[in-house]
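Take a look at these structures.
In the two assemblies presented below, chain A is common to both, partnered first by chain B and then by chain C.
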Partner chain A sequence: MSALDVTSLSVGFGDRQVLRGVSFDVGAGETVVLFGPSGVGKTVMLRAIAGLEPRARGRIVLNGRDVSAAPPEARRIGMAFQNFALYPHMTAFENVASPLNAQGIAAPAMGERVRALARLLKIDHVLEHLPRQLSNGQKQRTALARALVGEPDLVLFDDPLRNVDAKLRYEMRIELPRLLARRATPSLYVTQDFREAMAIGERVAVLVEGGIAQLASGAEVYERPATLAVARLFGDPPMNLVPAQAEARGGGVLVRAAGLGFGFATEMPDDPIFGIRPEGLVLHRDSGPGRTAAKILAVTPASEQYVVLARTEGGIELLLSRETPPPSEGTEVWIGAARGSGALFDRTSGLCMSNAPVMEEAVA
Partner chain B sequence: MSLALAAVSKLYGAGSAHAVQAVRDLDLEIGEGEIIALHGSSGCGKTTTLRMVAGFESVTKGEIRLRGRRIDRLAPARRRVAMAFEGYALYPPLTIAENIGFALRGKKSAAKAEVREIAELLEIGPILDRRPSGLSGGQQQRASLARALIRDAELHLLDEPMGQLEPQLRAVLRGRVKARIRERNYTAVLVTHDQGEANAMADRIAVMEAGRLEQFGTPDELHERPANLFVATFFGEPPMNTLPAVASEDGYDVLDEDAAVVMRVPAAERAAPKGTRVVLGLRPRRLELGGTMQQGTVVSNQWLGNQAHVALEVAGRMLIAVRPARVAARVGETIGLGFDPAHLHVFDAASGAALAHRREA
Partner chain C sequence: MAGKAARSLAKVLVVLFFMFPIFWILVMSFQTNGEILSLPPKLVFTPTLLNYASLLVGHLKTSVGMLTITFMRNVMNSFILSAGSVALALVLGVPAAYAFARFKFRFSEDIAFTLLSLKFAPALLVVLPVALEFQQIGLDNTYVGLIWIYQLITLPLILWIVRSYFEDVSPDIEYAYRVDGHSWLGGFVKIAIPLAGPGIAAAGLLAFIFAWNDFIFALVLASGPKQPVTVGALAFVTASGIQYGQIAAAVVLSIIPTFAIALYAQRWLVEGLSLGAVKG
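Let's turn to the complex of A and B:
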C-alpha cells in the first residue's frame, strides 16, 4: 500500500488553474522530491495534501485512509518549512514536543520520545536551550525533530534548506535521507535545486505548468529528460538546447546543430531541437572530424568543475563543463561531442524523441 | 591600481553601549580591469564595505581611493561609479529602455542601439517598453544590472547582481556579463553570499567574516592554499574534509573523539613540532576509495548527474569523496580508503592558521 495516493488533484485561483488533475503516489517509506521552477505550484500542492487549501479538488489517500475531506489536524502529517522556523520563546525540548501536546500524549512518554529522537539528531545536550542559544545546525535539527516526533504518516518538507549556508546544506543533504530511511518515514520534499533533488529523492516529480512532466529516479530525469521543459530546468549549468536541421537518412534522421552532426534512430521531428549536457561537449585545441570551430567567451569556475561559455562560428552559444582548467578567454578552440551524448527534441510536441545518437558525422 | 581601501573601518553607534564594529581595518587593492567579489555569510561586512565605496555609508576610519583620487568624502554622484544595488530602484514612471539609457549622453540613435544590445545580452529585449511595476524580481534585477553595465564608469559596484535569476538562465548570463566586463576593461566589485557566483565571476575573492578580511585571493588560491581553517571549510562545495591530529615523530597521528590514535599518516616534512595539536585538511577530490590506509563505512553514495559524492564514516568522523563517475559502493559496506599525504593541508588546531599546504605531485 502506498503511503500517499493523490488522484486528480486540482487547485484553481480564480481563472488561474495552478494544478490540473495531478496524480502520483509516495510508496511506503519512500522520499519523493517535488521539483520545479518558482511559482509552479509546489507549495500549493503541499498545502492541499496537508488540508490547508480549501480550493483543492481531487482525492488524497494516506495509508489507505481517504482524507480528502478531513481537517488538517486529522491527517497525521508532519511539516517542515523554509529555514526550519522555531518558536523563539520555547526551549528546544518544548519546540520538539509541541506537536505531541496537541496529540494529548502523557508527559513521561513524551519526554522519552523527544529524548530518543534528540539523541539520534545529536541535539540531546541542548534541549534546554532557547533557539537563540542554538547554532544554525542545531536549530535545523530541532525543527526536523519537531516534524518527525509525532510519528506522522507523511512528512512534507517545503524547501527547508533554501536559505541555509552551503556547509550546513551539504551536511543535511547527507543526513536527512539517512534519517528518513532509518525511521522509514514517507516524505514529500520540495526543492528547486536539482542536486538536492537527486541527493534526497528516491524518485523526482518534475512539476511544469500544472502537471507532472516526469516522475522517475533523479538519474533518469537527468540522463533522459522526457520533455524540453524538464531538460531546461533540471541541471546547472543547464543542458544546451540549440535549433537544429533534420533530414531523413537510412531509416533514421541526421540532425545538424551548432556545426555538429548526429544520427538518431527515430522519426522525423516537426521542429527539431538538439540538446546536449555541458559535460557531453569536449574542447579541443585542433580541428578534426566531428568538431566545430568556436571561441571561448568566458570561463566561470564552479565548485569542483570549470564552466566555459563558447560561441561557435555560426553564432551559437554553448556551455561546456570539465574537470581541468580550460584555455583562457578569447582562445580559438574546436568543440566536439563525447560519444553517446546528445538528445533530440521536437519543439512542437515538447517531447524528447531520442537520447541515443547512433553515429557522429563531420559536418563541413 | 584602480581601487584602494586603506585601514577602512565602520563602527555603528560609536560611543554607545551597543556599538557594532561592522568592518575592521580593511585593506584591499584592486587592479585596473579586475573583477573581485566580496564574499561571506550575512553580517560579515561585505555589503557595508560596498556601500562605503559607493558613498551610501560614511567611513568611520581609513581612506578609499579610486585611481589615486580620494573619494570617501565625496557625494555618491561625484565618485564616477556605476552601481546595481538591491533597493537602488528603477524609476517607476520610465520604461525599462529609458531606465537603462538614463545616464547615457550623446546621440539618441546611438544610445538606443546600445540599450538594445545590452538588453539582448541580458535577455530583457522583449520588456524594454514596459515599466518596472509588474515585472518579476529577476527581470528588475537584470534591468538594474543593464543600467550599470551600459555606463563607462571608473568602477562598477554590483550587489548580488544575479541572485534572483532562475538557474537555467544564470550560467549563460554569468558568462556573458563576465565577457562584457572584460571586453570593456571595466573594474568591478561584486558582493555575493553565493559561492557559485563568486567563483564564476571573480578574478579574486575577498572572504570576510565578522568584519574582518580572512583571505583575498584567486579561487584557485582559496581552494588550494586557504589561509586558515575558516576559509578552508567555508570555501569549496562540498567543504574540505578535516581530521583532528597530533604531530608525531615522523608525521601525524589522526585522533578520534576520545583522542585515541586511529590512523598514522607519514609525512616527509612535518609542519609543526612533535606534540602540536593540528587539523589535517583534505579536499573531497583527493580522498581515494579502495585505498589501504584505513577502513570506512559507506554512509551514502549519491550520484548527482555528473559527480558521485560518497560519504564515509571513519572512526566516528564523516569524510566525503567526490568522483567524476559513478562509484560502485553500497550503503553499509566497509571499504578501504586512502590519500597521498602530499595532498594534505595542515592547520594549527589552536589558532586555525595554515601551517602547510598540499604540494603538487
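Let's turn to the complex of A and C:
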C-alpha cells in the first residue's frame, strides 16, 4: 500500500486552473520530490494534500484512509513551511511539542521525544529560545523537528532549504534523506533546485503547466527528460536546445543541428529540436570529423566545473561544461559531441522522441 | 544648528499649545472660585484641596446652602459603562475582525465598511430616535442600554484596528498549527489572538478612552444615577453660580484614568495604529 495516493487532483483559482487532474503516489518510506518552476502549483499541491486548500478537487488517500474531505488536523501529516511558520510567541520546545500536544501525549514522554529529536537535529541547546532568538538554520531545524516529531503518516516539505545559507543547505541535503530513511517516513518534498531534487528524492515528479510531465528517478529525469519542458527546467547550466533539420535516412532520422549531425532510430519529427547537455559537448583545439567550428564567447567558473558559452559558425550559441579550465574567451575551437549524447524533441508535441543517437557523422 | 534649535522651539510651542489647557485646569482645581474669577488671573496663590475634598466627600457648602455632589458615583458609572462596552465590543469585534481578515465571503468588504460608516453619522442624528425606542422597550436609563449604544463608538474601532493586526499574522502560522493536529478554534485562541494581542490591547484602550469621553449619548439616554462623569460635571452649574473649582477638580480626576491608560499604553497605541509593527 502506498503512503500517499493522489488521484485527479485539481485546483482552480477563478478561471485559472493551477492543477489539472494530477495523479501520483508516494510509496511506503519513499521520498518523492516535486520539482517545477515557481508559480507552477507545487505549494498549492502540498496545501491541497494537507487539507489547507478548500478549492481542491480529487481524491487523496493516506495509508488507505481517504482524507479528501478531512480537515487538516485529522490527516496526520507533518509539514515544513518555506518561511518556517514557527509560532513566534512560543519557545522552540513548545513549537516542536505542538503536534504531540495535539495528540494528548503526557508531559514526560513528550519532553523525551522532543529532546531526542532536537539532539538529532542539533537544536537541543536552543530549545528554550523564542524563534526570533534563533538563527535561520536553527529556525529551519526547529520547523523540521516540528514536522517530524508527531510521527505523521506523511511529511510535506515546502522548499525548506530555500531560505537558509549554502553551507546549511549542503548539510541538510545529506542529513535529511538519512533522517527520513531512519524513521522510514514517507515524504513529499518541493524544490526548484534540480541538484536538491536529485540528492533528496528517490523519485522526482516534474510539474509543468498543471500536470506531472515526468515521474522518475532524478538520474532518469536528468539523462532522459521526457519532454522539452522538462529538458528546459531540469539542469543548471540548462540543456542546449537548438533548432534542427531532420531528414529520413534508412529507417531512422538524420538530424543536423549546430553544424553537427546525429542519427536517431525514430520517426520523422514535425518540428525537430535537438537537445544536448553541456557536459555532452567536447571542446577540441583542432578540426576533425564530427566537429563544428566555434568561438568561445564567455567562460564562467561554476562550483565544480567551468561553463563555456560558444558560438558556432552558423550562429548557434551553445553551453558547454567541463572540469578542466577551458581556453580563454575569443579562442577559435571545434566542438564535438560525446558518444551517446544528444536527444531529439518534437516542438509540436513537446515530447522527446529519442535520446539515443545511433550514429554520428560530420556535416559539412 | 539653527535648524535644530528652530525645531526644538517648535516642539516646545506645540507642547505648550496642547498642554496649556490641561495645565490651567490643574491650576484652577487648586483655587477657590473667587481666585479663579479674579482678573488678572493669579499665578501665585495658596493652593486649596477643598475642591477635591468636596468631590470625594460628596457635598459642598455654598452661599445658598448644601450642594450634594454625585461625582464619585459618576466616576463609577463611567468605569462601568466604558469597561462594559469595551468588553462587549471585544467579544463581538475580535471574532468578527478575524473573519474579515481571513475569509473573503460575499459582501465582506461592504459589511465591514457599513460597520465603519456607523462612525460617520453624527451622534445627535441617532440619539433621539434611539431615546424614544429605548423608552418603549425599557432600556433608557440602564447600563445595558448605554453599553449597547456605545457599540456605535467602540465596535467599529476595535473591528478595524484588530482586523489589520490579524491580517499581519502570516496565515501559514495558523495553517501549521492546524496541520499539527489542532482544531480551528484552538488555532484562533492559541495562535491568532496572542499574536494580535498588542493590537487588541491598543484597540481596547482606545475604545475605552472614546467611550469614557462620550457626552451626547449619556446626556440623552441616562439620568441621575446612571450618568457618567462627562454629564455629571453639568451638576456644577448651580443656581448660585458655576462651581469652576469643582469642575476643574472633576475634570482633573476624570482625565486621570484615560491619561494613565494613554501613557501606559503609548507604545502599543503607536504600534497598533501604525500597521505592520508586529511582523515576526
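Simple rule for what comes next: the second predicted complex is superposed on the first by the 355 of 364 C-alpha atoms of A that agree within 3 Å, B and C clash if a C-alpha of one lies under 4 Å from a C-alpha of the other, contacts with A are read in each partner's own complex, and residues count from 1 in each chain.
What we mean here is this: a residue touches a chain if its C-beta (ideal position, glycine included) is under 8 Å from a C-beta of that chain, and two chains touch if they have at least 3 such contacts.
Because the structure is predicted, anything quoted here is derived from the model rather than measured.
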Do chain B and chain C fit side by side on chain A in the superposed arrangement, or is it a clash? fit
Per-residue contact with chain A, leading partner among chain C and chain B: B
Contact-wise, after the overlay, does A:1 reach chain B, chain C, both or neither (first, second, both, neither)? neither
By the touch definition at the top of the document, which applies to A:50: first (chain B), second (chain C), both, or neither? second
Tell me the angle subtended at the Cα centre of chain A by the Cα centres of chain B and chain C, rounded to the nearest 10 °. 80
Identify the partner contact of A:106: answer first if only chain B is touched, second if only chain C is, both if each is, neither if none is. neither
Pick one for A:89: touches chain B only (first), chain C only (second), both, or neither. second
Just chain B (first), just chain C (second), both, or neither: which does A:73 touch? second
Identify the partner contact of A:132: answer first if only chain B is touched, second if only chain C is, both if each is, neither if none is. second
Lowest inter-chain C-alpha distance for chain C and chain B in the superposed arrangement, angstrom: 16
Applying the document's contact rule, which stretches of chain C touch chain A when the two form their complex? 170, 172-173, 175-184, 186, 191, 194-195, 280
Name, in rising order, each residue of chain B that touches chain A in their complex. 41, 166-168, 170-172, 174-176, 178-179, 182, 195-196, 199-201, 219, 233-234, 236-239, 284-285, 299-300, 302-307, 309, 311, 318, 320, 322, 324
With touch defined as at the start, can you tell me which chain A residues reach chain B in the complex? 37-38, 165-167, 170, 173-174, 177-178, 192, 194-195, 198-199, 218-219, 222-223, 232-233, 235-238, 277-279, 297-298, 300-305, 307-309, 317, 319, 321, 323, 329
Okay, in this complex, where on chain A does chain C touch? 47, 50-52, 71-73, 75-79, 81, 83, 85-89, 98-99, 101-103, 131-132, 146, 150
